[in-house]
Amino acid sequence: MGALSNLLIPAVLFFALGFFARVVKSDLRFPQDMAKMLSIYLLVAIGLHGGYELGRADLGVALQAVVWALVMGFTLPIIGYLLLVVTRRVSPLDAAAVAAHYGSVSAGTFLAAVAYLDSAGIEYESYPVIMLAVMESPAIIVGLLLAAWTRRRMGRNGSAEPAPADPVGQGGMSSLLHEALTNGSVLLLLGSLLIGAIAAPGSMDSLFPFINEIFMGVLCLFLLEMGMEAARRIREFRKVGVIMVAFGLVMPLIGGVVGVAIGHWALGFGLGGTTLVAVLGASASYIAVPPAMRLAVPEANPSLYLTLALGITFPFNVIIGIPLYLYLARLVGAA
Amino acid sequence: MPALYPEKLVTIITTDVLETWLAKIVRKRGASGYTVVRARGAGSSGEQSSMLDIDTNIKFHVILPEERLAGMLEDLECMMKKGHHLTVFVSEVSVLHPEKYARPLE
Amino acid sequence: MGALSNLLIPAVLFFALGFFARVVKSDLRFPQDMAKMLSIYLLVAIGLHGGYELGRADLGVALQAVVWALVMGFTLPIIGYLLLVVTRRVSPLDAAAVAAHYGSVSAGTFLAAVAYLDSAGIEYESYPVIMLAVMESPAIIVGLLLAAWTRRRMGRNGSAEPAPADPVGQGGMSSLLHEALTNGSVLLLLGSLLIGAIAAPGSMDSLFPFINEIFMGVLCLFLLEMGMEAARRIREFRKVGVIMVAFGLVMPLIGGVVGVAIGHWALGFGLGGTTLVAVLGASASYIAVPPAMRLAVPEANPSLYLTLALGITFPFNVIIGIPLYLYLARLVGAA
Amino acid sequence: MPALYPEKLVTIITTDVLETWLAKIVRKRGASGYTVVRARGAGSSGEQSSMLDIDTNIKFHVILPEERLAGMLEDLECMMKKGHHLTVFVSEVSVLHPEKYARPLE
Amino acid sequence: MGALSNLLIPAVLFFALGFFARVVKSDLRFPQDMAKMLSIYLLVAIGLHGGYELGRADLGVALQAVVWALVMGFTLPIIGYLLLVVTRRVSPLDAAAVAAHYGSVSAGTFLAAVAYLDSAGIEYESYPVIMLAVMESPAIIVGLLLAAWTRRRMGRNGSAEPAPADPVGQGGMSSLLHEALTNGSVLLLLGSLLIGAIAAPGSMDSLFPFINEIFMGVLCLFLLEMGMEAARRIREFRKVGVIMVAFGLVMPLIGGVVGVAIGHWALGFGLGGTTLVAVLGASASYIAVPPAMRLAVPEANPSLYLTLALGITFPFNVIIGIPLYLYLARLVGAA
Amino acid sequence: MPALYPEKLVTIITTDVLETWLAKIVRKRGASGYTVVRARGAGSSGEQSSMLDIDTNIKFHVILPEERLAGMLEDLECMMKKGHHLTVFVSEVSVLHPEKYARPLE
C-alpha cells in the first residue's frame, strides 16, 4: 500500500477539504460553537473507550505511561525554549509561551493518528490515551516557570521595569497553577477515563454505540473545521518569519523521535502504541495552552504561537508527520 | 416622562479569557453589575474569529457612578501595562433609577 | 448488588463529574446552546420511543395515566404552597412561584431514572412518558392561580398597592394560560409521542438507531452539563436559608411517596413504572416553569426557585432519590 | 461629509423571556425597529450565565426620535413597577437618515 | 397504500409539527445554530453516501447528469423571470432575484423526498445527489446576469440613475462569480462526494454508521426546524400578494414537470431517480441563493424571495409536491 | 485618574452577509480595528430572527478619530444608495490611549 493511499482516509481528506475551502476563499463556515461541541464528544468518547480498556489493563504499565508522559511534558518545552532562544528571533517571553505549546498535545492530531492506524488495520495500546490526558498540565506549568524565570532575568539586567501590581491578584503563580490542573479538557478526559474504568459492569454496553459508531464521522467533521482554522492561520506565516516556520517543522520531528524512543524502549509498546506516543511528543496544543499563556504571559504575541501550533505544526503532523512516525516506529520495531 | 440621571458606561473589548478577571474588578470597584456579549473582531493583535475557544472576544459593559470610574480605569490601565490587550471606552448614559447602580454587587 | 454499585452507572457518574468540575472551579464549560440541543434530542427520542409503544398499548390505561398526571400536577403545588406559607420564610408570591416548580417535572431526572432502571435490568411501562408530557402545564396553571389569589388577598389586607396596568396587556391570565399550554418542550414531547404513535408502519425503522443507540451517550453529556449547573446553583444555598433547603429535600420525598402510591395502587404499574411515577412526583421543573414564573410572578425571586429546583432537589433526586423511590416501589410491590 | 441628526438610543438589559413584550412596546410606541443581542451578566438578581434557557439575558436596542422617548420609558417604568428586572439606559446618538427612524414598525 | 398514509412518514410529520408549533404561537425554538449544524451533517452524509456509490457508478451517466443539472439551473430562472415580468407585480430586479431561487435547489426538500422514497421502498439512482451539488451555482450566475441586464435596460430607459461606485469594489461581477462558485454548501457537498468516491477501500466502513444510522433522525430534527421557519414566513404571504403566491405554487409545478422529463427521457432514470430530478427542478433554494442575491441585487426585497422560497414553495413541495412528482414519474414510466 | 480622549464610535446594524465588505471599508478608511456582535432584530425590511444563515444581523462597531469619520460615512452612504439596508449611528466616546486608534489595521 503506497504512502499516498495511506493519506486517502476520510479523516485526512476532510482536513484537506477544510484547508482547501479557506485557500479558495470559500464562505464555508461552521457555526461558532460546533468545533467545541465536536471536541467535547471526541474527548468523552476517547476517554470512555480508553478508560474501559484501562480498567482491564495493567496498572503498572499505566503508571509508567503517566510518568513518561510527565517527563515528555516537562522536557519538550525546555528543549523548545532553548532552541528558540538560540535563534534570537523572538523575545524570551515569546519563546516561553511558544515552547509550552510543544510540551502539550493536540487531541485532533492524536485522533487523526488513531483513524490512520484504524484504517491501516494496525492495533494500538490504550495507554497513550491516558498520556494524552496528563500531558497538558506539565507543559503549562513549565511555560509558567520559564516565563517567570525569564522575567526575573530580564529584571536583573534592567531591561524591564517591574511588572505593575495585579489589580485582581489573579496573575499569581498559585492561581495559574490551579488553572493548569483543573483545565476543562484535561478534566473531561480524565473524568471520562475514570468513568470508563469504574462504571458498573454491563452499564457501559448501552454507551458503546455512541462512542464507537459515530466516532469516525464526528472526527471527520472536526478535522474539516480544523483544516479551515489551520489554513486561516497559515496565512500569517510570513509575519512570523521563516526561522519560526522552520521551528514549527523541526520541533515536531524532535518530539516525534523522543516519542518513538519512549514508546518503544521505555514503555515497550507495539507499532501502533509507539506511533501514538510519537504523535503525543510531536503535536502542539491549541486548546488548553493558548488561554493559559494569554493569562500568564500577556506580553507574548498570541498570533505567534497560534500560527505555529495551528497553522504549521498541526497540518504538518496530519499530512506528513503521522505516516513518518509510523515509519520510524516500524524501523525501531524491526531493529 | 420618568426622570433620567447621568451615569458612566465603561465598555471593554478583549479576549474572553479575561472575563473572570474583569468581573473581579467590577466587584472590587463597587459596580452594581455587568453585562457580557460575545464578539469577534480584528485589531493590532490580529483577527479574532470567535470560531475556537482561543480566539473569542467579549464586549464587557459596566454602568457605574462617575465617582467610581477612576478606580475602575486604573485597574484596567494596570492590566494593559502588564501586556493585556484591552479596547476600553467610556460613554455618557442616562438611567432611570440611579440608586440601582450605587449598590455594589455582592 | 449494593446500593453504591447502583450509582456507578455512567449517567450518574457524568452528573457527578460535572458537579465536581464546578466544585474544583475548573474552567470546563459547555458551549452556550449545547444543553438545549441535547435536551431537544432527548425529548424527541423519548417521545418517539414512548409514542411507538403507546401506539401499541392500552388506551384506557394511557388515559388513566394522563388523569393521574393532571391530579399530581394540580395537587403537589398546593401542598408545596401550604408548606412554604407555614414556614413563613418566604413571601407568599415566592411561595407560589416555588411551589409551581414541584408540580411539574424534570426531564433530566426522569431520564436518569430510565438509565438507572435500564442498567439494573428492570422493565418499565411506557405510560410515564405521557405523564411527563402533561404534567408541565397544570403546574404552571396552579402557580398562576396561587399567585393571583395571593395578590388578591394581599390587596384586601392593604399590604400591596394595586398592580400597575400592563403596558402590553401580556401579563393577563389568558395569555399566560396560552403560554402554559403551548410551551415548547411540552409541544415537542407531545408531538414526538404522537408521531411515534401514528407514523406509517415500517417508516419508524430507519429512526430507531437514532433514538436508541446514541441515547445513553447524549444523556450522559446532558447530565454532565446539568451537574455543572446544579453545582453552580447549590453555592447559593446559604442565601436561601436552611429552612428552604430542607423544603427542597422534603418536597421530593412527599412527591415521591405520592408518586409511588399513584403508580402502584391507582395505575397498577410494575416496579419500574411505579419508580418512574415516583420520580415524576418528586422532581421539580427547571425548563418550562421558571420562564413562566418570571413572566407571571415577576415579584418572586428567580434565584430562590432556581436554587431549590436545580441546586437542591435535582442532585438529591439523581443521587439519593431514584434508588430510594425504587426501594419504596419494591416495598409496596412486595406488600 | 453626510449630515448627521440626533436621535435617542434606548438600551434595555434583561432576561430574554421578556423579549416579545419589549418588541410589543416598540411597536406600540412607534419606533422603526429594534435590535437584540444575546448577553450574560450579573446584577442584583444574581448571575445570568446564558448557559440554560432560564438564565439568558438580552441587550435590546431601540433608536427613536426624542419625542417618542417619554412614552417608551413610561412603559418600561411600568414593567419595573410590576417587579421585572430591567437595566435601562439612554444615550445620545447621531444618525444618517432620520426619516428612517420616524416610520413606525408595522 | 393511500396518499395520506404516504404522508405519515416521520420526516413529513416533524415538518408538520414545526409548522403547527408556529401556528399556535408556541415558544418552541431551536438554538440559533442548530439548523446550520444539522444541515452540515446532512450535506456531508448525503455527499459521502452518493460519492461512495458514484465511485462505483457509470461516469458517463454522471457527466450527463451534471450537464442536465446545468441546463436546468440556467433555464428555470429564465422561465421564472419571464413569468414574473409578465405579471407586472414586482420590479424587474425583484423578478431577477426571485427567479434565481427557482433555478437552484432546496436540500431539505430533496432529503424529504429521499425519506419519502425510502419509506415507500422505492429505489433511486445516486446521480441526483451530484445534480443537487452543481445546481446552486448556475442559478446564482443567471440571477446576476438577469439583474445586470435589467439594470442596463432600466438605465437606458432613464428610469434609474447610474449606480454609485462601489466603495469596496466588491459588488463587481467577478467577485460575485467567485462567491457563486465557492459557495460553502456547494463546496461541502462536492467535497464530500469526492471524498466518498476516492477514499481508500475499507476506510469508509467506519463512517457508514455515522452517515446511515442517524441520518433519518437528524433529518427529522432539521425538518422540524424548517417547518417552524416555513410557518414564520408564510405569515407574510399577504404582503407579497396573491399573484406572487400563485407564482410560488406554479413555478415548482413547471420545474417538477421539466425535471420529470429530464429524469425520465434525457437521463433514463427509474421511478425514484426521476422523482428526485423532479424535486430538483421544483424546489427553490433558501441557503446559497438568498445571501448571493442580497449582495448582488441589494435593490430587491429579501422578504419577497424568502417568503416565496421558504414560506410557499417549500411546504408545498414537502406536502403535495413530492407525492405528485412521484405520481408523474410513475405516469411517464408506465407510458 | 487615567486621562480620557474623545473618539467617534460608528455602529452599523445590518445583515451578516455584508460583514466582509464592512471590514474592507474599515481597512480602507484607516481605522485600527473593528468588533462584530451577532444580532437579531426587526425593521423596515422585516424580521431577522437569526435562526438561519439567511436572516442573521450583525452589530458592527468601529472606533475611529474624528477626522476619519467623514470618509467612513461616505462609504456607508454609498452602500445605502446601492440599496443595502444599514442602520448607522455615531456616538461620542472617550478612550484611554488615543494612539491605539490612530494606527490603521494591516
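For reference, chains read A, B, C, D, E and F in written order, and residue numbers begin at 1 within each chain.
Just so we're on the same page, a residue touches a chain if its C-beta (ideal position, glycine included) is under 8 Å from a C-beta of that chain, and two chains touch if they have at least 3 such contacts.
Which protein is which chain? UniProt says A, C, E = Permease; B, D, F = Nitrogen regulatory protein P-II.
Note that the structure is a prediction, hence the values are computed from the model and not measured.
Contact with chain A and chain F alike is made by B, E.
Steps from chain B to chain C, minimised over paths through touching chains, total 2. For chain D, the chain with the farthest CA centroid is A. Chain centres computed from CA atoms place F at the largest separation from chain C.
Counted by C-beta pairs in contact, the busier of A-B and C-E is C-E. Remark: chain E and chain F have CA centroids separated by 34 Å (rounded to whole angstrom). Chain A and chain C have centres, each the mean of its CA atoms, that are 41 Å apart. Here the spacing of chain A and chain D, counted between their Cα centres, is 45 Å. Contact of a single residue of chain F with at least two other chains is seen at positions 37-38, 74, 76, 91-92. For chain C, residues touching at least two other chains, in rising order: 29-30, 32-33, 36-37, 209, 213-214, 291.
Chain pairs that touch, as defined above: A-B, A-C, A-E, B-D, B-F, C-D, C-E, D-F, E-F. Residues 5-6, 8-10, 13-14, 17, 20-21, 24-34, 37, 115, 118-119, 209, 213-218, 220-221, 224 of chain C are the ones touching chain A in the complex. Taken together, the chain E residues at the contact with chain A in this complex read 32-33, 36-37, 40-41, 44-45, 48, 178-179, 182-185, 187-188, 191-192, 195, 198-200, 202-204, 206-207, 209-211, 213-214, 291.
Across the complex, chain B is touched by residues 1-2, 4, 7, 9, 23, 26, 32-38, 63, 91-97, 100, 103, 105 of chain F. Taken in their complex, chain D has these residues touching chain B: 11, 13, 37-44, 57, 59, 69-70, 73-74, 76-77, 80, 87-92. The residues of chain D lying in touch with chain C in their complex are 15, 17-18, 20-21, 24-25, 28, 38, 45-47, 49-55, 74-76, 78-79, 81-85.
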